[in-house]
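Labels for the chains are A, B, C and D, by order of writing; each one numbers its residues from 1.
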Amino acid sequence: MTADPADPAVSAAIRQMRRTVAELHAELVSNGLVVWTSGNVSARVPGTDLLVIKPSGVSYADLTAESMVVCDLTAARVAGELAPSSDTASHAYIYRHMPQVGGVVHTHSRYATAWAARGEPIPCVLTAMADEFGGDIPVGPFAPIGGEEIGRAVVTTLSGHRSSAVLLRSHGVFTVGAAPRDAVKAAVMCEDVAATVHLAVSRGELTPLAQDQIDALYRRYQTEYGQRP
Amino acid sequence: MTADPADPAVSAAIRQMRRTVAELHAELVSNGLVVWTSGNVSARVPGTDLLVIKPSGVSYADLTAESMVVCDLTAARVAGELAPSSDTASHAYIYRHMPQVGGVVHTHSRYATAWAARGEPIPCVLTAMADEFGGDIPVGPFAPIGGEEIGRAVVTTLSGHRSSAVLLRSHGVFTVGAAPRDAVKAAVMCEDVAATVHLAVSRGELTPLAQDQIDALYRRYQTEYGQRP
Amino acid sequence: MTADPADPAVSAAIRQMRRTVAELHAELVSNGLVVWTSGNVSARVPGTDLLVIKPSGVSYADLTAESMVVCDLTAARVAGELAPSSDTASHAYIYRHMPQVGGVVHTHSRYATAWAARGEPIPCVLTAMADEFGGDIPVGPFAPIGGEEIGRAVVTTLSGHRSSAVLLRSHGVFTVGAAPRDAVKAAVMCEDVAATVHLAVSRGELTPLAQDQIDALYRRYQTEYGQRP
Amino acid sequence: MTADPADPAVSAAIRQMRRTVAELHAELVSNGLVVWTSGNVSARVPGTDLLVIKPSGVSYADLTAESMVVCDLTAARVAGELAPSSDTASHAYIYRHMPQVGGVVHTHSRYATAWAARGEPIPCVLTAMADEFGGDIPVGPFAPIGGEEIGRAVVTTLSGHRSSAVLLRSHGVFTVGAAPRDAVKAAVMCEDVAATVHLAVSRGELTPLAQDQIDALYRRYQTEYGQRP
């Protein structure tokens, strides 16, 4: 569907999503996933071909709903006064190729990035990993910054994986979710399990959980955990 | 004793315990034991067959006394509008089998969970461990999430142990206490000693304290430490 | 000098020191040196044979000037309604044997306690260590809790050392200072260098600074650093 | 240009820079780079031969614009009532020899100082390092504290390097920037990558990024990232 920002319903959806995305950046800070200006959140504006994303190089304390940038899915800016994140083309690529995704998060959170620096997947040795990621957290290839190559690496790596997180070689983490808050949750959980497994393997390699245990944990968490309608 | 929630005394006790349990979750956050919605506190309502527990999948910042869920000791909800924690059946199992326990805490705190991932007990190499846990912190078996199997693993593992904390293989930590605040304290101390011993053993294995030293420290801490009536 | 708490000057000095000691505990919390109730600060009341110390087992958030306990140097309580720290006899021992000491701090801060668990002195490989401690941070023997044995271990270990900090084997840290704030600073710096050196030695042993460099750094820091009258 | 502090324009510039430098110290604290009084920020007063720097040994919570010290580039105090940082002569040396530098930061941040303690450069294995530092973070020699030797070590080490950060052997970190906020950013990013690479190399050595990748990342970050006029 082509979105007309002049349409009142689209305009209201954009306004709402700018507020949501601005507020979600505070979760990156309070969960210790970012320093200075080094991570970003974006969201698809529901029912449109638009996304909302952090402006480039702006401090988290200075973010407001108004400073969020609206782009179309070719990464061209359609609203907002600031230049969008230099990862915008990659976020847009993900939204174009993963229609089920409504939110994307990128961070350099320390423990997850340490696994990414080694190009080593995080093995599924914890129930919390089976719950949230349904298996290992995979590693995607190194890709240059600024174009859509990172987006392509994310989409390719997540194909055929349950994981909502991908480690980008020598770089950091991307996570996706049905809603932007889900992607933020995945970024928080990714760093948490990256840290725990880092500590765990310091005294020797671990055996991953059995596949049937992982399957049972994942199914339960995705269908029973939390508040259901 | 069967509790009638319509009895004013029972009703007052429930109200009080909902407030206490809601507030204690803030200690999990401020002590860095949890991220997102990954841990929970419960309490027995004194003199009844009821427990109060966190609702499933709700953020710590959104918890109120009213949102706490009241269940009987078969884990059936008797009051509250939200679905209870998916660990409720295990909490209930613990209250049924450990009458001296008035509070239970579950977390995935990082250092303790790293020991749990390896299935390695934390050796008693610190006076703080002898004080609080009276020896090693033991490891219980892997158990699936959602039923009472985790509760059974906790009860079995703590039988014949002084420890108020148990590491659940590939999962996390459960702690118990006479009152819910005691269980929270045990969760805080468990993570603290898990971290310190993790750092300590990074340069080689350590010799545990002698049993008579552990016994003397534990006895003193349990009978003389703190404010006594 | 024997102090009469009824003497208005003594009474004012006690009141002032209770406030100071209560406030300094907040530094232990904000600097991440303690969890729950696991560390304490004491101070000598200047010009008297009295000390002010934390009550046993009371949460840091609940400390007030009034809740601080006043004891004489035999560790007998002379004012205050709560039971004093179970380390009081050891603090008193230190004040009796180290007349230049006006403040004592005890913590189980994680990195320093990890060195203590191994019984390994922290080698002087950083200018910050030479500045503050004038050399290695030494290790004292294991001593039981509750009596004055820990105090004796501290005094013995610090004899002939410039260090204001001592690691107590399998236990934690004691620091001393001319004023209680100096002892708190030493506790903060001890944990900071314990952490940094822990990280540094993870990739191989380090060569300590040369003695003449240590001497020059220590002399400068003790005589030139900061604001001088 | 010789600056006359009585000139209203110079006086206004000094006043502004004292406020800026006082405020930037809060970033050292909130980013966890310092404890007690162990790091400092300075700034060149634009268009003058003056610098503004932290007073020696004063707590971060007590810093005000008025307490900042103004010195000339021989490190002689020209305004302010407190003694300047004992690193002032080294800051002044850097401003004299690096005219493009408008701000200097010194910390003992833990991970970076651990690399400094070993005398080991931080290898450029992360895109974030290529972005900000354009390659490895180099190590300078040990130098005594109090004179300008540290400044000389910084200037010498950074010659021919893109890096805005230098690790001083057995000591800590110095960073430089066009403006003081840039130097603070470099200090924050230096600690962040020092931590991430420390974690990454714990399971084996890593291969640095290829030089052409580093060049491309650095060029893009320095010319395209953030908001441009």
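The working rule: contacts are C-beta pairs under 8 Å (C-beta built on N, C-alpha and C of every residue); 3 or more make two chains touch, one makes a residue touch a chain.
Note that the structure is a prediction, hence the values are computed from the model and not measured.
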| item | value |
| --- | --- |
| Same-residue or different-residue interface between chain B and chain C, half as cut-off | different |
| Whole-Å gap separating chain B and chain D, where each centre is the average of the chain's CA atoms | 46 |
| Chain A and chain D, separation of their C-alpha mean positions in angstrom | 32 |
| Two or more partner chains touched - positions in chain D | 202 |
| Every chain pair meeting the contact rule | A-B, A-D, B-C, C-D |
| Chain D to chain C touching residues, read off their complex | 35-38, 55-58, 82-83, 86, 108, 110-111, 113-115, 117-118, 120, 142, 144-146, 170-172, 198, 201-202 |
| Parts of chain B lying in touch with chain C, wherever the complex brings them together | 31, 125-128, 131, 185, 188-189, 192, 195-197, 199-200, 202-204, 206, 209, 213, 216-217, 220-221, 224-228 |
